[in-house]
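We call the chains A, B, C and D, going by the order they appear; numbering starts again at 1 in every chain.
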Amino acid sequence: MLGSKGKVGATMVAAVGAAEDLTFTTGVDAGDDINRLVETSTEVVIDFTHPDVVMDNLKFVIDNGVHAVVGTTGFTDERLRRVRQWVDAKPGVGVLIAPNFAIGAVLSMHFARQAARFFESVEVIELHHPQKADAPSGTAARTARLIAEARKGMPPNPDATTTALDGARGADVDGIPVHSVRLAGLVAHQEVLFGTQGETLTIRHDSIDRTSFVPGVLLAVRQIARRPGLTVGLEPLLDLR
Amino acid sequence: MLGSKGKVGATMVAAVGAAEDLTFTTGVDAGDDINRLVETSTEVVIDFTHPDVVMDNLKFVIDNGVHAVVGTTGFTDERLRRVRQWVDAKPGVGVLIAPNFAIGAVLSMHFARQAARFFESVEVIELHHPQKADAPSGTAARTARLIAEARKGMPPNPDATTTALDGARGADVDGIPVHSVRLAGLVAHQEVLFGTQGETLTIRHDSIDRTSFVPGVLLAVRQIARRPGLTVGLEPLLDLR
Amino acid sequence: MLGSKGKVGATMVAAVGAAEDLTFTTGVDAGDDINRLVETSTEVVIDFTHPDVVMDNLKFVIDNGVHAVVGTTGFTDERLRRVRQWVDAKPGVGVLIAPNFAIGAVLSMHFARQAARFFESVEVIELHHPQKADAPSGTAARTARLIAEARKGMPPNPDATTTALDGARGADVDGIPVHSVRLAGLVAHQEVLFGTQGETLTIRHDSIDRTSFVPGVLLAVRQIARRPGLTVGLEPLLDLR
Amino acid sequence: MLGSKGKVGATMVAAVGAAEDLTFTTGVDAGDDINRLVETSTEVVIDFTHPDVVMDNLKFVIDNGVHAVVGTTGFTDERLRRVRQWVDAKPGVGVLIAPNFAIGAVLSMHFARQAARFFESVEVIELHHPQKADAPSGTAARTARLIAEARKGMPPNPDATTTALDGARGADVDGIPVHSVRLAGLVAHQEVLFGTQGETLTIRHDSIDRTSFVPGVLLAVRQIARRPGLTVGLEPLLDLR
């Protein structure tokens, strides 16, 4: 585990320790010698560190033939290009870089994209705790953009509204209305609502604690050895047909 | 039944006919002689007519000692004052005038008002078919105002939003955020969300056809004889403790 | 339209008439001459008739090179085998036979099957009007069986229940708990709930009138010419990736 | 605070400390001298201790003219009778004993009881984490019994079910169907569904952490001095009209 003393790192160390089919080898944090990963014959590294150090970490683990599952943020196209070069030079090594490991969130977006073309109307409601600074949430904005892209060429949502209070119809993200609720007692929730004649379809994701990334990271750790090369996003590992 | 050939009137004629404890006497519509109500010894009149004729109708039925359940719109304070004078002059006659007979909608507002003081946060989401012209709906705006009044003196909803797209946080109705969804496949729906530390309470009302006024009108017909004087709104008849 | 005077048939005749990119040619019902389909150069036939006549109908339209979209029930494996022989003998002709044209229901099942492997727990709640005779609904039972099949080899839902009232934990359909709610004011609704550490995913389908088959039939009519051979179920036409 | 070192006690000590209008005086736990409550001029005691010691605690605080808010369990009718005698002998002292301080749960039951008479159908769905031992939950069973009592004399839920899998229609609690979902990723949730012609009303309560009792206890602490005598349950303090 790289970043083993951080909040996410500590949670993952415990989760790997509790998984019967996985063995925890060693944790490395700022100040520790990264060579410990090699000395302990670690097969898969989990990296939840910092944009400042993650590229050096990745260069080291790829060069040493260790697979990597990376949740650290800040990957630009340029950074992804460099990582792809490194893994191409080390056939057999698998690296997964993903912005979101919550399986429910990843599936929600996948389903929303699939359903987008088959309904006249679609709107997104995201609901979060009131300490959140941005509205809509990054996930909601991304979901709306994925939907909008899938609907290219389709007529817009029907909407006969002629008299509206400011804000009533939500924010417009690429033509998709997005509504942001901020409520004490909530954590992170999202609903995508699709509707057509006589029927509606709702995809709802509720995340109620900060450990919902755990099953997704474990799934990636178990599969990355069979996925040589660079994979971006958890979705390809889910083998959705 | 006054207005017996209108859509609502015809539905109510059928509903009264189907109720075992009620007897349908006669229907009166434009052009018919209103004296038929008296000749048939009608005990309770249901009036779903038009603001232009409803005052004459009411004067007639009250003067003849007939109770009335009225769903016709357009009652100003001045009109209510006049009706009150008429019933005061006819002790024992009961008149109910209500803007909304859907019991679920009436209870939703009642519960929302009761819950308002006990939660840090409250928001309203209303969801309707895309042919609707106004946003938010009249019911949602009225619900928000009732909540705002019940919360007088309380701190506003906590909300740390610093970066928001226009409209993301909904419309502001007396300090309560109201979000309006317009979606094919929906009819008329509303959620009031309350939240405080560790818990949320949601009151949801779904109305999926235009006959949801029937049970409320029947309830009023059955009770109005025991409610002399003028009653405004269905809520007092529900005897909520 | 074959079966043009039935409830579904009449609805589809109107829907085709209202679609700008489609032209209604002719309706045929019991007693009418089926040759009218050929005389009017009909390209696609919609068949909502009866198991007793549908095979003769299909033989006729396939032999005449007309595509068919079929919602009639009663297709056994043996019947499907015969239809397949007929279309194989007429290259270029496309026939779609589907038990359910509500796109939301078809997508719900597809998503439920895709999500099934990624969550520890899954349960199904279906909610219908109280006139329904069977519990659970056919769709819910089919959804549960699809999920159970996708979860083969996985551990069962965790469940520490030791004291339960009869029926509290629902019906067991291949190991998946299914709960049936019967409530006045509802039509046909279903929720599939998935859960794992810290997060849940819910797929909800609401069908509130009997015309929710229309968009699915229209979609099939538009695509069937590009789908030679026999297709069973609407799902393949949705091109879900 | 009596029981100040327990989980609930520690949470309440922190909550009182954080409340601007309240002053924390002292904590007392097993082995501590209960006289500290009097020496510190404590006005209101919070008791989350144990059935074995709570009666002695209450005798002491009432005799010393201190108000009490009690969440300890195990109060039989006989115990309540004795506490009532003690407070009657000390005019001005207020004691609240409540089994549930989650305001959302208390309001849910109140609203369910109020709505019960106005709908043809009602069912309860409760959803909990899979470590729960009993089904249905105590709160769901209590909610169903309150609803059943309010519906005395009304016809039962309409239900045309003739073919059902065992358990599909839920558990029967005094004639009200109750469905229990057990799902990883959930904490404690409950929905009461009411339905009549064309409309449904849903009251949903979500409790996602173990601190949802805090606002209810604080509300009781602030009001108990104005409520002399014994009060059972949080509901009377909410002044619901």
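Criterion: a contact is a pair of C-beta atoms (placed from the backbone, for glycine too) under 8 Å apart; a residue touches a chain by one contact, two chains touch by 3 or more.
Note that the coordinates shown come from a computational prediction; the quantities given were computed from them, not determined experimentally.
Minimum number of contact steps separating chain B from chain C: 1.
Comparing the CA-atom centres of all chains against that of chain A, the greatest distance is found for B.
Chain geometry summary: the mean Cα position of chain A and that of chain D are 39 Å apart. A separation of 46 Å divides the Cα centre of chain A from that of chain B.
We define each chain's centre as the mean of its Cα atoms; on that basis chain A and chain C are separated by 33 Å. For chain D, residues that reach two or more other chains under the stated contact definition are 119, 185, 194, 196-200, 206, 208, 212.
Those residues of chain D whose C-beta lies close enough to touch chain B in the complex are 102-105, 107-108, 110-111, 114-115, 118-119, 194, 196-212, 214-215, 219, 238, 240-241. Touching chain B in their complex are the following residues of chain C: 185, 187, 206, 208, 212. Of all residues in chain C, only 119-123, 125, 127, 130-136, 157-173, 177-186, 193-200 touch chain D in the complex they form.
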